[in-house]
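Before any comments, here is the structure.
The first chain written gets the first letter, and so on, giving A, B, C, D and E; residue counts start at 1 in each chain.
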Amino acid sequence: MNEATAARPSSEGEAFEPRIVAFVCNWCTYTGADLAGTSRIQMAPNVRIVRLPCTGRIDPLFVVKAFERGADGVIVSGCHPGDCHYTAGNYHARRRFAVFRETLSFLGIDLDRLTFSWVSASEGRKWSEIVNETTARVRELGPFTSYRDLVDEG
Amino acid sequence: MKIGYFPGCSLHATAREYAESLGVITGPLDVEINEIDDWACCGATSAHATNHLLGVALPARTLALAAEQGHEQILAPCAACYSRLAAARRAVDNDPATGAAVEKAIGRSVGTARPISLVRLLAELAPKVREKAKRPLEDIKVACYYGCLLVRPPELNDLDDVEAPTMMETVVKATGAKPVSWNRRLDCCGGGFSLSRTSSVVRLSRTILEDARGAGADVLVVACPMCHSNLDFRQKAIARRSEGGMDIPVIYLSQLVGLALGQDHVALGLGRHFVSTASFISRIPGPREGESAAATEVG
Amino acid sequence: MSIPESAAPATLAGEVRRKTGLNPATCYQCGKCSAGCPMAVETSLRPHDVLRMLQFDDREQLLSSESIWLCLTCETCTARCPNSCDPARIIDCLRETALNEGAAQPPRNIRAFHNAFLKQIQRSGRLFEMGLIMSYKMRSGALFADVMAAPGMLGRGKLALAPSRIQGLEEIRRIFDACTRHESDSTSTTTAQQNPGTEGAENA
Amino acid sequence: MARIGVFVCHCGENIGRTVDCEAVANACGELPGVVHAVDYKYMCSDPGQNLIKEAIAEKNLTGVVVAACSPHMHEKTFRKATEGAGLNPYLCEMTNIREQCSWIHEDRDAATAKAIDLTRFISEKIKRNSPLAPISISLERRALVIGGGISGLQAALDMADGGREVVLVEKQPSIGGHMSRLSETFPTLDCSQCILTPRMVEVHQHPRIKLLTYSEIESVDGYIGNFSVKIRKKARGVDETRCNGCGECQSVCPMKKIPSEFDAGLGNRTAIYVPFPQAVPNIPVIDRENCLRIKGMQKKKAKAACGRCAEACGRDAIDFEQEDTFVTEKVGAIVVATGYQLYSIGKEQTRKGITGYGEYGYGTVPDVIDGMQFERIASASGPSGGEIVRPSDGKVPKRVVFLQCIGSREPSKGIEYCSKLCCMYVAKHTMLYRHKVHDGEAIVFYMDIRAGGKGYDEFVRRAIEEDGAKYIRGRVSSIQREGEKVRLTGFDTLSGEQMEIDADMVVLATAMQAQPGIESLAQKLSVSYDGHGFINEAHPKLRPVDTNTAGVFVAGACQAPRDIPDSVAMASATASKVLGMFSKERLEREPTVAGVDKVTCSGCFHCERACPYGAVERYEVLNRSGEVEKVIAEVNEGVCQGCGSCQVACPSKSIELEGFTDAQIFAAINAL
Amino acid sequence: MRELQELSSKLLSEGDVSVVIGYEEGPRGVRPAFIRTPEETNRLVFDHRAVQNLAVYLSPRRAHLRKRGRPAVVIKGCDARAVAGLLRESQISRDDVVLIGVRCGGVYRDPESNGPLSEENVADRCTGCDLREPGHVDHLVGELPSEPPATDRRKSRIAGIEAMSPEERFDFWSSELERCIRCHACREVCPMCVCERCVCEKTDPSWVESSPHLRGALAWQITHALHLAGRCSDCGECERACPAGIPLSLIKGKVNQVVEDRFDYRAGDDPDVPSPLGDFRLEDDQEFIK
């Protein structure tokens, strides 16, 4: 966790603001997020978007690394089945994340910290709902330091 | 088929014939209607027109009673009562805040009972009506009148379409009669202004009756006591204003079905209408089993 | 006609939106509701005029208008509105607000009918036509209307002679209180609330 | 050591209003490896881009991070500027602090903190970017146009005149699209046949245009420059080489009463028919649902029914056994020009979530027709030979009422957009009507007249002032049959009157919708479409005729409701884009493709199964004595589209997608 | 196991193979044996103690064995699943190895136990074994024994963990994985781990932190579990090999259960049936996606 710009004032008593990373596909969800921008749809500022060519390129290791680096929640989003720019990326991702999600849950990660969604290029409003809803849910769950601080107990 | 029954205030008084005819036809159509005990008025227009929560709480209590008495469906023959029960059901289902306020007001949980209109029930039983019809009403031309609250507002409508419903016509065809096509089927008859602004009622009901007459209808069939009183009870006043007078009998859909099923027209309460139904009854050929039927003026 | 910047809660439109969830601004004044309104010929404010005045916060003129009381609540406007503005529900809410603020000026007969109707339900839980007609005549002064019809009604057995009271009368009274109290705590304005359902409504 | 330059843009005040750009620049200035951090009002302007070029030169930067708008907007611009200064363009990346930060947050501190985080992400990522050179791939300099309406024809002609071969595929038996069904066209009132037919003939005779009518796209493979498109030529039942279009078969066909789609159900046609006299190609097609012979064959009847057309055909061109055939075309670019479909006033709708007009009788009230039907009535080649008559009894209507916005601007029916050109063609209809029925009365119910084109409003004013069209501002609540007349209950919101009008005929100006089935075509082309089925352009202002899929362009009403002048302009735009693309021998392609680390690959080929394009090939590693030591994976750069699915499938992460390598993403996450 | 010994010496003497990999008596139960001459074949044994999965010696990472020429290997039914996995991923070609399938009636959980198989000492994977007679092999020895005793020990332990709340599960696995010293024995003993250089040895970027603290251990176990989804032959060697006694087969067991529930697939002994994690169906469930 980059201490220099720790934007999370949770320790100084102010309200806890979750840090959420969103891995999104460039053709649908990223463009949908841009549309939310051009339509000035306001949403929670807690989400940091990482752009990838396709949900097929979103590696479960990214999600694990994001949690290790102190993310309190992760969003993975891409094109609706059938709309994938590369025809099949989201279908592969769907199977990979189905197994990954249940494995994480078995090992004790609360699945409410993880949101999977399909957001198309014309669903700016849906993207803002996904962001706000995940932020609210994760804020309720509180910080996920237990994962990042595993190193101290080790 | 067992079903809850919510008569509504008018079916005990000004619309007795609606209740009588209903009671007589449910047997042959093997539908058992059990009146919900200790039901109260649904508030009709006056409640929701002046206090939204009151307009939802009163019918919600009836829904609660029905659920407690084990009825999943409630037959509401009066269009206004059906509309209020459906509005309460929808408000409780879709708006948690109103639902909570209602349950606090009536002190019961609303449960899951749903209202069904008489037109929909009879449309679902139409095959049985056709099969059990004893007395053919072949050459009787019928104008089906839905009025407003039976089809509107769209989200409460339980018929097949908001703007082009055909369920009443289906029932009429099942009785052997011939529905005429006319325009004023869905227009409002003046409803609750019957006492307080009779001039509007006369104006609106007049256009409806004139259109039905223009379409060559022998009889006007309705499914709402308010519409019936405006079209039947006020018809004399309308006749004075309409050139060529006005003499169209206005009966309930359940009475028409009763006739087809061969029920005695007195038992159906056909004598209770202000506009005499004698003329149109006499044109119905005797029942196939030769049951004698003397039309009488006053029941 | 002052033009408010946005439908802030202080405006009537804001109040309607808070109570009904409907946004009067969605109406683009196409007139389709007024085209189909059966009472359009008899009223000065047709449904789209009501929406227009709401958009421009013409509070006094709207709440004291007679037109909102001449609505048959037949829902034709709501069924055909291209933007689903639900004018019927909005006019319902305006009547209720007008009553709560004491600004309502319904025609005498209509006020009489509503009061008589709701008094009836409070007293016996079900409508007793005879009682309703008597109570309506006293309130409206239309003593001789439909007198000729009484024998016809009696002859046809259409007039119940005694009211049929329900057991749950106490529940009905509790409902009326709850609904009038609900109105008072959710009405933002301070004027004394009058509701025809309660005893004090005679002189509303 | 990385020497990175961070350039924060105010974008006028789009970003500056909610993000403290200076603070972002200062904060990023302290990041490890960042040697230059500056903010400027308009980074994409020339002075802005010069800032980048000068910084690269002075501080010999190894990486450029531009924190501004979305990369979809100006990534190319800033990469060109970086290249201009001698730095590899792929060492320049953008941070989206406008659409995904300043525009969607109001809290200045939170927005600024977020902007800093996002910029830190990319500056950590840029340290691991490697310089890439675009890949050059072969280019099939032929184009495919899907749809033979005015847009498709114009695009095909422009490209063919530009010296390129064009394949034009049209679903209907003849090209011409909806325009061929119109009578006169606004604003000049010149007859559509006169301006369209020459174009159709020109396409038919053009040496470089291959015309495939009565055909549909079966599947599309490949990528920009190398599409392989399988086209299904539906069985016409007529041999195109033999038929000379004499029309004998039509005259003898017994099935005379089939409602003609071309005449919108008002006229009739035979089972073997040519849609309209000026059809191109002028070759009939057999309607398989209604042809007695073919229906008999389908039911395996022993005795062959009818077959009169085959007997009457002098050139033996009728062939009932004809099957669908397939053709595969290799093309470098595709233009989608599939046009539109009118909203149906009936109860059944072709698109999900759309409802019909119950209050106007669901289209069952006689003499209530839609705009296209009026066009057919008014058209000289129409069922009534151009004379304006009522469909019910053929009488000349003395009063015609036109209704605007039927379906359009009507969220309760499922369509909230305005269809843009109904105001114009309704004004045109009133003119056509008044010119042909001088004592007729034309009434129009409208809400707002939208006639914004060149000479458009003047056209509508002429309809009102000279041709006496009565415009009533308000809508109609219900339409019903009243004896011989059609009764409308409407309202004039200007005079505040409710009105009942008895008309002889009513014309509904229905909304323009996307074609049914457009979703499956879009998915075959992997092109995105919006909630109404209209194809999404790459960018509404900057790339209006491109789509997100490289090499696929869009023209005409399939992208949004659009009239003929705009469609033709848009079609020519797509042609210029394609000709620009074809101006080079080979095509340069984004170098973001995958590559295999030959040392660590264990040859399990999970990547091969994950690759949708089959870009993974086998590479034999030989030992010194030439024997195959092991077989590992290798990526064909030309075929790889850069989706990255293989990298996630690879257990040992031996395959890396350039531009989105693990190291880059890891660095970005690390900067969380 | 006379039949096995005779077959092995025949294969060796005819020079068909240069080594027979089987089991021989060892200090703690049986251990893998590499028989190169017909005379030594009498050392070969096979009984309930033969728990090791000899397919691991076919993995290309053991290049030194390959240099010794063509091996024959004694394969139980469950081991055949691993061999099929290696064939499926073209790590060995079919004619490079001779497979001696042995009919197996179940093995102990702990090779040092003895006496008849019982619910306590039988290995988890033997319950309801459908491969008592391995298919796709060159030779088949031993008679078909009866059904091994059934035990739902692992299934109930997995269910027990699932019943916990996320925090409890996290604490349970933290306490277990705390003991992990990242010796990677579980990777070395796994027949399906065929990578030249494992991802957790990759340093730029180092996805899986290599130091033996809990965060790195958790990342490693997640990675290993995901890599085995749809490929794990459930041989349980990883758990048996773990010096810290971490119940790794519970994680792999859970993943196999998920793959079976969602894609109706179990890594079988037929090399032509591919793992579901590599292709897709249009109508895969997506109930967890908004």
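By definition in this document, a contact is a pair of C-beta atoms (placed from the backbone, for glycine too) under 8 Å apart; a residue touches a chain by one contact, two chains touch by 3 or more.
As the structure is a prediction and not an experimental result, all values here were calculated from the model.
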Fewest touching-chain hops separating chain B from chain E: 2
Touching chain B and also chain C, the following chains: D
Furthest chain, CA centroid comparison against chain A: B
Centroid comparison with chain C (C-alpha atoms), farthest chain: E
Which of A-E and C-D has more C-beta contact pairs: A-E
Separation of chain A from chain D, taking each centre as the mean of its C-alpha atoms, in whole Å: 32
Approximate Å spacing (C-alpha centroids) for the pair chain B, chain D: 52
Centroid spacing, where centroids are CA-atom means, of chain A and chain B in whole angstrom: 56
Of all residues in chain A, the ones touching two or more other chains: 60, 65, 82, 88, 92, 96
Per-residue overlap in chain D, given as positions that touch at least 2 other chains: 359, 610, 649, 662, 666
Overlap residues in chain C, where contacts from two or more other chains coincide: 76, 79
Chain pairs in mutual contact under the definition given at the outset: A-D, A-E, B-C, B-D, C-D, D-E
List of chain E residues in touch with chain D within their complex: 60, 89-91, 194-199, 202, 204-205, 207, 227, 274, 278-279
Touching residues (chain side chain E, partner chain A) in the complex: 161-162, 166-174, 178, 199, 207-209, 212-219, 221-223, 225-226, 229-230, 251, 254-255, 258-259, 262-263, 276-278, 280, 282, 284-286, 288-290
Complex interface listing, chain D residues touching chain B: 347, 357-359, 361-362, 364, 480-482, 487
Contact footprint of chain D on chain C as seen in their complex: 28-37, 40-41, 46, 48-49, 76, 79-84
Residue ranges of chain B in contact with chain C within the complex: 9-10, 12-16, 38-41, 43-55, 57-58, 61, 95, 101, 104-107, 148-149, 151-154, 162-163, 187-188, 190-193, 195-198, 200, 204, 233, 271-274, 298-299
